[in-house]
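Here chain A shows up in two complexes: once beside chain B, once beside chain C.
Entry: the complex of A and B
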C-alpha cells in the first residue's frame, strides 16, 4: 500500500519547509521527508530537550511547519527514488520500518554537505569537520574540545571559534586559508547586519586572546600522547600548535545524490560550491516535475532558501493546474548574492591539494592513499567514474561523499582536465546505507510470487 | 579529559546506555555520538565518534540493539546496547 501525493519534498530545512508550507497553502497534498527528528535542516538543527539549543529562526520555522497540514515524515531516510509516467516513487525507511509514497511532483531540498581536504593526520580521532563542530555546539550544546584549533575557510571558522569561546572552551588558534582582504568585498558588505555579527565574533576572539593566522592552512596533525600537535604553514612560515581537537572544513558543497540519480543536468561552478543541479528562474530542473530549492542548486545559504522553496512550490502548483503567480524572485536573488560571496571565501587553492603527502589516505572507506590513486590516474583514469571502476574509490560506506571532491581535484592536478571533463560519480541507490532486511520489511515468504521454473 | 566539562549549560537527570559493555552517561536529547564524545570516547573499533556529525561519512556507524546505524543520528536512550565493530 503506497500513499499518493501532489508534491513530495525531500528535506525539511529552510528551503524544504518553506516549499512544503507554500505547496500545502495551495491545497496540494504534500509530504516531506527528512532524516533528522526535527525540521530545520543543519542550519537550524535542534535537539529537543537540551537547554539553550536551537535558535529563534529555527523555532519559527518548526512552528509554521507543524501547523501547515503537511504529512511530515521526520526521522525518515529516503534510500531510493524512481521516476515513472505519473511522477515519482519515493522509498524511505522510518522508525516504524519502510514507508513508500508516490508524488506527481518532487521538490529536492537536500541542502549541502561539508567539503573536506585531506592532510597528514586528517583521519585521526579528534579531527572533525567545522560543520560537525557546529552541530555539537548548537544542537547538542557540547564543546568539540577543551583546546581546539579551528581551521579551513569561510564564515563557519569564526562561528565555530566564537561558539567554543562563548561555551567556555579555549581556541588555540584560528587558521584561515584566506587572506584578510578576501573578506572586504562589496558583495560581503551587502549584509551589514551579518558583517556586524562577524565583527562581534572577531571582537570576542580578540578579547579571549585567540590568535588568527590568515592565508595559512593545516599541513599535518600528529598525535602526542593525549594531545594533538598541528603544523600550520603559509606566508613562508611554519608553526606548531598543541591542542586536543582540530575542526577543519572548506565550506559546503551541494548534496546532489538525488538529482544525479534522477538524471537532471548539473553544472560545476566554484562560487556555488562546485557541482550543483541546474535550475531555471522558477527553480525547475530539466527533468519534468522535478524542482530544486536551497543549497542543492548552488550553495547560497539559508537566507535565500525560503524564497527558493516558495518559488519551487509555486512552479509545482502551476504544473499541477493551479493559477499561481511567481513572487519573491528579487528577494531570492538579493539574499543569494551575499550567500554566494560567503561560498567564494571557501575556495581551496591547488597548492593545498598538491601538498597532500602520497601516503595520506584520501578515500577513507576503501583505505586508498594518494599514491594508489595517482598510480591509477597515471594508468589512464581520467574521470571520477574511471577511478571508481579501477580502484573502488568512493564505493565504500560513505558513497564518495567525503573524498570525491578532493579526488577530482587530484585528477585535475595530474591531467590538467577540467572538472566538467572529470565529471561526477554516477548517482546510484541506495542513496544512503540501509539494511536489506529493514527495507524488505515484514512479509510472508510463502506469499511471494514465484515464477514457474524454466522448462528443462 | 574531565568527563562532564565538555557539556555547556545544565542538563537534567542522567540516563545510561552500554557501549561495548561499558556504562556511558548521557542526557535527554543527546545523540549516542555526543554522549560518547562527552565521555571521552573519540574512536572505537572500526570508526571515529565524530567526523561529519550528519549521517554522511559513516565513520560512527555502530550496532544498536542489533541494527546498524550512525551513532550521530541515533538518540541516546536508557538501556540501549551499543556495540562497535564492522
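Entry: the complex of A and C
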C-alpha cells in the first residue's frame, strides 16, 4: 500500500522543516522523511533522551514542525527514489518496516556531509571527523575524548573545541589550517551576531588555556600505548602534541546522493563546498518537479536554509497550481553570503593532498592506498568512475562519501584535469546500505511474478 | 591523420578481442571508445561464466569463450567454482530437466543432482529445492576488472586504444570522427554494444536492435557461506558470493533507461523481486546489507541471435553485437569476426546481420551512396 502526497521532503533539518511547514500551510499534502528520531538536522541535532538540546532555535523548529499537520516520518531511512510519469516514488525503511510513498513534487534537503583529508594515521581508532564529534556532543552528550586535538579548517573547529571545553573535556590544541587574517574578511563580518558567538568561543578556549596553532595542519598521528602523538606542521615548524583523541575535518560537502540518483545537473564550486546540485532562483533543479534547499544546493549554512526551504515549497506550490508569491529571496541571499564565507574558510590548498604519504589508505572500505590509486591513474584512469571500475575505490559501505573528494583531488594533482572533467561517481540505489530482508519483506514464493524465461 | 587497416568502434570484450585477432593477423588497428575500455555491459554485468545459462545454439562458442576466461585467470578474478541451477516446484523442474538435457547434448558437462546431494555440498542453499543441475565448468570473474585487463592486452599487442573518444561521424571509405579527431581506416568494425544501432545509423544503416536494461546488486562483505555460482531454472537469478564475502545478485530483471540518455535506472519493483528470489534460493543473503544496485544495457534483436558479420550494404564494414551471454562468448566470437575481416574462414559459423532486414535509407541509396 502506497500513500500519495503533493510534496515529499527529504530531510527535517532547517531547510527541510521550513519547506514542509510552508508547503503544508498552502494546503498541500506533505510528507517528510528523516533518518533521525527528531527534526532539526545536524545543526540542531538533539539527544534521544534529553528534552531539547539547549538550543532555542532547534526547539522552536521542532515545535513548529510538530504542529504543522505534516506526515512526519522520522527514524525513516530512504533507500530508493524513482521518478515516474506522475512524480516520485520514495522507498523508505522505518521502525515498522518498509514504508513507501509517492509524491507529485520532491524537495531534497539532505544537507551536507564531512570532508575528510587523509594523513598518516587518519584511519586509527581515536581519530574522527569534526562533524562526527558534533554528533557525539549533541546527540549522545558524550565527549569525543578526554584530551583532544581539534584540527582542520572552518568554523566547526571552534564549535567542537568549545563544545569539548564546555562539556568538561580538555582540548590539547586547536590546529587551524587558516592563518588568523583569513578570518577577518568583510563577508565574515557581515553577521556581527555570529562573529560575537565565535569570539565567545575563542574567549572560552583562551580561559581554558587551549593553545591555537594557525596556518598549520596535522601531518601524522601515531599510537603510543593509550595515547596518540600528533605531528603538526606549518609556518616552517614541526610540533608534536600528545592526546587521546583527534577530531579533524575540512568543512562540509553537499550530500548529493539523491539529486545524482535522479539525474539533476550538478556543478563544482569550492566556495559552495564543491559538487552541489544546481538550482535556479526559485530553488528548482533541472529535473521536473525536483527542488533542492539547504546545503545540498551549496554549503551556505543553517541561517540561509529556512529561506531556501520556504522558497522551494512556494515554487512547488506554484507548480501544483497554487497562487503563491516568492518571498524571502533577499534574506536568503544575505544569509548565504555569510555562509559562503564560512565555507571558503574550510578550503585548503593542494599541499595537503600532495603531502599524503604513498602508503596511507585513502579508500578505507576497499583498503586502497595512495600508491595503488596513483598506479591506476598513471594507467589511464582520468575520472572518478574510471578509478572506481579499475580499483573498486568508493565501492564500499561509505559509497565514496569518505574518499571521493580527496581521491578526485589526487587525480587533479596528477593529471591537471579539472574537477568537472574528473566528475562525480554515478548516483546509485540503495542510497544507504539496507538489510536485504528488511526491504525484501515477507513474500510467497509461488506468488512471485516471473517474467518469461530467456529463449533456449 | 593516419591510415589504419581497421578501426574498431567499442572497447568492450567484443571489440577488443576482435582488435587483438586483427592485429595478430598483421593489421594496423585503432580502437575508438566513447568512455573507457569495458565501461559498458562488459564491465557492469554480474560476471557470471555459466554454461548452464547459455543458449543451446551458442554452446560451442561458450565453451571456447570459457577457455579464454580460464586463461585470463587471476588478472580478471576468474574462479571456477562450479555452478548449480535450482528448481523449486514441478513446473520449474520440468523446465530445468528439458533445458539442461539439451545443453548437455550441445556439449556442456551438466549433471543432475538430487536435492539431498546439492544441500550436502552447499548447505547454505534453500531446503525447498525440488530438482537441481550442476556444471563443474561454471564459475565467475570480476567484471569490474574487464576494462583494465583489456586495456593491458591491447597495449601489449600494440593496438592503439583511444578512450573518451565518442564517435560523432562516420563516412564511407572510412573516415571516422571520434573525440574531435578524424582517422582514416580501410575497414570498420562496429562493436558498440547497446550503442551499435546509433553508430550504424551514421552509415545510413538501420539495425533493428533493442536494448534490455539488466539489474545487478551487490551486498556488503560478510561471512562466506556459499562457494558455487547459483542459478534458477527460469534463468531469472544469478547469485554468487565473491572471495571477500559480498553477494552479487543478477538475473536480468529489468530497470529502465536508454543508451542515448545515459545510464539506466533501477526500478524498486523488479529489484525487490530479484532480491526475493535470491533470498529464497540462498537464505543467508537475508542478513546481508544491500550496498548498491546498478543497470547495464544488453543489446538484442528479435530472434535473440548475434549480429556478427558484414554490415549490410556497406562494403568493408562489419558489425558485432547482440550476443546473448556475451560476457562468456565475446572472447570467442570477437576473434571469429576478425577472421572474417582478415579474409580467413572463421572456425565456427557467424551470424549474418543481413537476416534482420537491415535497411539502407532508400533516399540515400537512390543518390548512389
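Criterion: the second predicted complex is superposed on the first by the 444 of 456 C-alpha atoms of A that agree within 3 Å, B and C clash if a C-alpha of one lies under 4 Å from a C-alpha of the other, contacts with A are read in each partner's own complex, and residues count from 1 in each chain.
Rule of thumb we're sticking to: contacts are C-beta pairs under 8 Å (C-beta built on N, C-alpha and C of every residue); 3 or more make two chains touch, one makes a residue touch a chain.
The shown structure was predicted, so the numbers you read here are calculated from the model rather than taken from an experiment.
Enquirer: Look at A:91 in the shared chain and tell me whether it touches chain B only, chain C only, both, or neither; answer first, second, both or neither.
Expert: Only chain C is touched by A:91; chain B is not.
Enquirer: Just checking: does A:47 make contact with chain B only, chain C only, both, or neither of them? Give me first, second, both or neither.
Expert: Once the two structures are laid over each other on A, A:47 reaches chain B alone.
Enquirer: State whether A:151 touches chain B only (first), chain C only (second), both chains, or neither.
Expert: In the superposition, A:151 contacts neither chain B nor chain C.
Enquirer: Please work out whether A:39 is in contact with chain B alone, chain C alone, both, or neither, and reply first, second, both or neither.
Expert: neither
Enquirer: Just chain B (first), just chain C (second), both, or neither: which does A:171 touch?
Expert: After superposing on A, A:171 lies clear of both chain B and chain C.
Enquirer: State whether A:316 touches chain B only (first), chain C only (second), both chains, or neither.
Expert: It touches nothing on chain B or chain C.
Enquirer: Which partner does A:377 contact after superposing on A: first (chain B), second (chain C), both, neither?
Expert: In the superposition, A:377 touches no partner, neither chain B nor chain C.
Enquirer: Examine A:23 and indicate which partner it touches, taking first as chain B and second as chain C; both and neither are also allowed.
Expert: A:23: touches no partner chain.
Enquirer: Is A:345 touching the first partner chain B, the second partner chain C, both, or neither of them?
Expert: neither
Enquirer: I'd like to check the shared interface: which positions of chain A are touched by both chain B and chain C across the two complexes?
Expert: Touching chain B in the first complex and chain C in the second, residues 396-397, 433, 435 of chain A appear in both lists.
Enquirer: Which stretch or stretches of chain A touch chain B in the complex?
Expert: Chain A reaches chain B through residues 35-37, 42, 47-53, 77, 113-114, 123, 125-129, 131-133, 135-137, 140-146, 167-169, 226, 244, 364-365, 396-398, 401-402, 432-433, 435, 438.
Enquirer: Which bits of chain B are touching chain A when the two form their complex?
Expert: 1, 5-12, 27-31, 34, 37-38, 42-43, 48-59, 61, 67-68, 72-73, 75
Enquirer: Quick check on the complex: what are the chain C residues that touch chain A?
Expert: 36, 38-39, 43, 53, 55-56, 88-89, 95, 99, 102, 128, 144-145, 147-148, 151, 163-164, 218-220, 233-236, 252-254, 262-263, 265-268, 271-273, 275-280, 285-294, 304, 324
Enquirer: Okay, in this complex, where on chain A does chain C touch?
Expert: Within the complex, chain A touches chain C at residues 79-80, 82, 89, 91, 100, 263, 376, 379-383, 385-386, 389-390, 392, 395-397, 399, 426, 428-430, 433-437, 439-441, 443, 445-446, 448-451, 453-456.
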